[in-house]
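Two complexes, one shared chain (chain A), two partners (chain B, chain C).
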Partner chain A sequence: MSPRFEVGASVRVRNVSPPGHLRTPFYIRGCQGVVERICGPYRNPEELAYGNRQADRVPLYRVRFAQHHIWPDYCGPEQDTVDVELYEFWLEPTSENAHAA
Partner chain B sequence: MPHEPAHPTRPDQDAPLTYYQLLEQAVRELLIEKRLLTAEEIRAAVERMDARSPEQGARVVARAWADPDFRKRLLQNAPAAVAELGIEIGPLQLTVVENTETVHNLVVCTLCSCYPRNLLGLPPDWYKSREYRSRAVREPRKVLEEFGTVLPEEVTVRVHDSTADLRYLVLPRRPEGTAHLDEAALAQRVGRDAMIGITVPD
Partner chain C sequence: MSEPFPERSHHDLGGLPAGPIPQGEHDYALWEKRVDALMVLLTKPDQELMTVDQLRKGIESLPPDAYDRMSYYERWIYSITQALQHNGVITTTELGQKLEELQRRPASSGEST
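Then we have the complex of A and B:
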């Protein structure tokens, strides 16, 4: 499965709360960031958690978020960031990309 | 008459085994009974895990400080680079992030306590605490200050939330005035906390 997003792409984390074992922290859901790195394909941990050793491999990304986007009252300079590892099915393109395409 | 001064004691743990303790014991006994593993192999594996310590990580950092080509390889492909030092890290996707004049890296796992154990041993208690896990992403500069690390405004604080398959090791900046030190002496200057990014070596 080839990765859907390129390094530098603007992405948004899906703001959903499905039941079960999830690997996307609450604080980052709904936030917009930029793909910093494509980490490679890894078996979906949300299925591995239930014993499915044949879980599909899905692209994993490291996405960089501006602290001030995550926390509007963040106490620190503009340039501070958080990198979070996110699986592709948690990400959607932002309208910025749609306009570019 | 008491033969020793009183000291605080830890209560005996006489409560019944929990579900997971029982499960572990049952699986372990089955593995031995079916001759898939011996008790000695299990004991030795636990001993190996207990023996891991931040010294492994410090060796990696010292080599990177002393050898610019190694540093480059370490940043590009950390598992292959540490294998050169005879450090076996298994399947974990080790990723080294470098502190520079303008960037300071800090590692946290907000979901649990993911940590590069093969290089750093067991994580400290504070790393696993809910307080660190929540505050390191929310107000990292304040947390850094509480550990004595005050960074200028113009330095970017880059927090890494270790939520999935990568494990992060911070490559700190080499302290001033260490040009005369050899690799072994350099390694002495690298503490565990600097490799998590909560302090800087001095």
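Then we have the complex of A and C:
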């Protein structure tokens, strides 16, 4: 499975919370960031957790977010960021995305 | 109307108010080191008896009060126990028999430093 997003692509984290084993923290759901790197393909941990050893390999990304976008009351420097590792199925392209395939 | 299930799991604390984080070093008890070593052996690629993802799922499935009450490695051993039973590596009966056997031992045996 080749990665859908390139480095530099603008992505939004899906804002969903299905009952299950979720590897995306609550605080980052719905937030917009930029792909910092493609970490490679890994078996889907949300399926591995239920014992499916043959879970599909899916691309994992490191996505960079601006702190002041995530926390409305953030009072640190404007350029502060946080990187979160997210699986591709948690990400969708944004309207300003020129890089999405 | 309340949600039928929580959007945010109890363990998922990122961004919530919390107290200061203890920054000091601390020692681990022998049983805690054993639990850690057990997990290494159970997840060896050539004879994987459970996955680290199963470990996480078991920990994150704990009821909130149990999650808060249990220590880090207590959560681990609870989850390892659940996963090994789910995967058919051990049975509940075997586990019960072993626990009974251990309870019959003199209190001092089995402990070392």
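In this text, the second predicted complex is superposed on the first by the 97 of 101 C-alpha atoms of A that agree within 3 Å, B and C clash if a C-alpha of one lies under 4 Å from a C-alpha of the other, contacts with A are read in each partner's own complex, and residues count from 1 in each chain.
Definition applied: contacts are C-beta pairs under 8 Å (C-beta built on N, C-alpha and C of every residue); 3 or more make two chains touch, one makes a residue touch a chain.
Please read all numbers here as calculations on a predicted model, not as lab measurements.
> Figure out whether A:Ile38 sits in contact with chain B (first) or chain C (second), or with both, or with neither.
A:Ile38 contacts neither chain B nor chain C.
> Considering only the touch criterion stated at the top, classify A:Thr81 as touching first (chain B), second (chain C), both, or neither.
First partner only, chain B.
> Using the superposition described at the top, determine whether chain B or chain C touches more residues of chain A.
B
> Could you look at A:Tyr27 and tell me whether it touches chain B, chain C, both or neither (first, second, both, neither)?
both
> Tell me which partner A:Arg53 touches in the superposition: chain B (first), chain C (second), both or neither.
second
> Taking the superposition as given, does A:Ala66 touch the first partner, chain B, the second, chain C, both, or neither?
Neither partner.
> Pick out the shared contact residues on chain A: the ones touching chain B in one complex and chain C in the other.
On chain A, the overlap between the chain B and chain C contacts is residues 25, 27-28, 45, 70-71.
> Quick one: which bits of chain C touch chain A in the complex? Just the residue numbers, please.
Within the complex, chain C contacts chain A at residues 5, 7-9, 12, 14-15, 48, 51, 53-54, 56-57, 60, 86-87.
> Please give the residue numbers of chain B that touch chain A in the complex, ascending.
For this pair, the touching residues of chain B are 93, 110-111, 137-142, 153-154, 156-166.
> Where on chain A does chain C make contact in their complex?
For chain A paired with chain C, touching residues are 17, 19, 21-22, 25-28, 45-46, 48-51, 53, 70-71.
> How about chain A: which of its residues touch chain B in the complex?
Touch residues, chain A against chain B: 23-25, 27-28, 39-40, 42, 45, 60, 62, 67, 70-71, 74-77, 79-87.
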